[in-house]
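First, the structure itself, so that you have it in front of you.
Per-chain numbering from 1; labels A, B, C and D assigned in written order.
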């Protein structure tokens, strides 16, 4: 069943066409990857789907509702969350605070009850905390929960961003180059993490350049070039596709 | 800093010191300045929420202050409202101005927001001066009543002082609770990275408007007390320089640390008065002092305190808690 | 016609002030909120000291003011920017505010509270065309600004120093790695933007009187930046002209009491509805 | 040609480099590999004088350059292509190259000659010489960054993560041009995340872990080293 579908989505920046008449469907429960050369429109598509930008034409539906042009926080509340290619960590918050803040949009108590510290507020805080700790344990950061997030090593900051996104209880998570800057070991661990995210019932949409990761973990791949989709299929089909080799992969197999 | 225990200890110490200070000051003038300082503490607590916690450089404090002062002044003298309803009205009124100002934040960030708030402050002063029919124009408003409890009116400046101090303490506690709640974390999240906050489902615009409204509610109370303390107000007080002075209070205290902002408010209320013997030079020197703080102690009082605690911890041989990254 | 020329002349000076903002903004990513006070200082040095006190003729006074302000720009760069170069831009913004407060009050001490009036090169003489009179001073201002812009254009497009200043503005670290002494270029940028402020002050002195109020020109220049689009040189000039025209027309057709308020209202309108300015080329300005 | 002796570097009170010693001889490609945050960029920035190095010694052609201001180091003949390319987005390709020529601006006669040389290496830049740097694609920007670094005619070229964020196809192209640059006589110190790639094109390599050099040697040796293989090559 289609969870996210893009229909004839086009995005212009000035005269430059970043996404060109793109049709894309991501099914519920799959791990889907979008690859392509730099500047081929992958991140732009993520921005369009999560409301950071509005498409010039066309539209994107999530769970059958239009999301294109919606405001970002509404889309996240609908269950579509993303991470960023360049880390965006809250510099003054601790690891645990990141994850509790991720759950903020699912909490219900109001300001005045928070100021009066009612029983509901205390119960809610307890619940949010337990949930945050569960997610931190899931990504393997529980022992660092009281660290200031900015003092985590780079790879762990990436994990924290994923944890923060998972705390919003999403149905689908879009990971924009999660392995960038990760060591070989960390990106191997990421493969397991991505699989277990899917096993929690969350659909995964992945953008990355590390072919070892992409080919290993994804079930379906679409390839973009100059904003247009040039191929779509299983990892095996993609690796053998002459157009993709020509535009993106290259003949050598040196890249990891 | 992010250390709520340190914050609470500092708050207790500050309010105890302020309570003890009143009898120690003998000069009538400085007693008055002390009362002004506590009113500024209330207003700076509001600014702390929007500037310190939410990171929005709000340069229109004079606007909030002016509106709040005039609401109380006009409500008591022209509408015949009692002091208490008028104080609530000024708080709510300025809180509402927070919504009005918050709406532009739907689209504005950084400098744009700051400049819009400067514009807001200047336009407010302009209206207060020129809308003579209502505001009395440049002549201002006279005979603003003092607070009362039943038949007991706080004409005595000392009584007024303790009354304001009690309100300031209550509001500081409210601000501290808010800071420790999930909303406090959300404020800081929006301050650190608005886009990231949006991406995890936080309505950053809503959070900013909320911070503006909270600021307005606090400033409204302080401004009302100001009118009542002086019993006379006129528009030429509410200038851009005053807005800057409030921002400087937060800065001197250290952005994001409430006790720091409060100390900043007290210091910067007294400093210009104490520099008055320098006559024409005093504002120039005041500018230099602010410049010096920004350059040499950018963390403000909070930064100095943190540095001190850090050095002491190191001296005691407790290693850093976190590894390098 | 009269108003158009007056508006354009005034506007071109606002444009100069706006350029002053833009250069510093592009170079170091901060808004120098003391820019208006620089204009005021330029006006005082020219009007208060060099012309009235020393009785210098126009040209030497202009040149001396420009030099004095260029040096002042380098000094203030050293004080308000350099120590804070690695701090958050908001700290620099606040330090420029403090500098502004300092300048305003020091000028009160140095030149007193009474406005200084300076008669321009042409006094109140003017040109009469078809029954309307246009002050020579306004025409002179327009010519000065046009020449200045032409020189500036050449400087930034063709000279190595100009190009390296642009490079530093776009990416300081990369520029340093090219062997460019970035902090020297930043100092030059401050010197240049202060010189622009000084020229603005000198040209405005005969139009307004020189007083602390002259610092309000900073706000007009800021409005010009926003209306034209931040960081954009053409935008700054266009924005300045718009502000100048609006001011002159609202003074003569609505009320001179409200002219500043109207400029402010337009500024806020732009901030809210079109923050990228008329040209809309500049990307988002964020702190 | 370049020698680092027991260099320590600090960010505030956090020590980023611990006693780093390494050597690059003329004509070599030497690579520095390691995880993110291990101190690779800090090492390069210390050489360039961007990070202050209170302790240790950095020698270039037997001359102590520790703590010298960046411009004077560039004038000595070291060029650095920083991480993330950092070309000047609002300058044209030509103006970008012009900036690269800055250390040799007193010899304008050689400009054309050098320009021809980099255009030969990267023909695509010639086609786009009047385009603004920011409008180039990622790969083209990387080419421009390399070309800009070469315009200084450096004796030693420092490259920081030239493959970062590039598509596999482009990574290969960039690596090939690095080999070509080296063949034409420029010594290269290459910092890379992509360890396999870096070791394949380099002569020698160093492994940096949390600010200290842990393993060093011949690139072939490193590729065979069990620890390198498990941590960086994913084998």
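Keep this in mind: a contact is a pair of C-beta atoms (placed from the backbone, for glycine too) under 8 Å apart; a residue touches a chain by one contact, two chains touch by 3 or more.
Note that this is a predicted model, so its numbers are computed, not measured.
Relative to the C-alpha centre of subunit C, the farthest chain centre belongs to A. Simply put, of B-C and A-D, more C-beta pairs touch at B-C. Distance between chain centres (mean CA atoms), subunit A to subunit D: 32 Å.
Measuring from the averaged C-alpha position of subunit B to that of subunit D gives a distance of 51 Å.
Per-chain CA centroids place subunit A at a distance of 46 Å from subunit C. In subunit D, 37 are the positions where the chain touches two or more neighbouring chains simultaneously. Subunit A has residues 153-154 in contact with two or more other chains. Of all the residues in subunit C, the ones that touch subunit B in their complex are 31, 79-80, 83-84, 87, 90-91, 93-95, 97-106, 108-109, 222, 226, 257, 261, 264-265, 267-268, 271-272, 275, 284-287. Residues 57, 104, 107-112, 114-116, 119-120, 122-123, 126, 130, 241, 244, 247-248, 251, 280-281, 283-284, 286-288, 290-291, 294-296, 298 of subunit B are the ones that touch subunit C when the two sit in their complex. Taken in their complex, subunit D has these residues touching subunit C: 48, 50, 69-71, 74-75, 79-80, 82, 86-91, 95, 98-100, 102-103, 105, 148, 152. Note for the complex: subunit A touches subunit D at residues 16, 36-39, 153-155, 177, 180-188, 209, 211-212, 247-250, 252, 254-256. Contact residues on subunit B toward subunit A in their complex (touch as defined above): 2, 174, 177-178, 181-183, 185-186, 188-189, 191-193, 195-204, 210, 256, 322-325.
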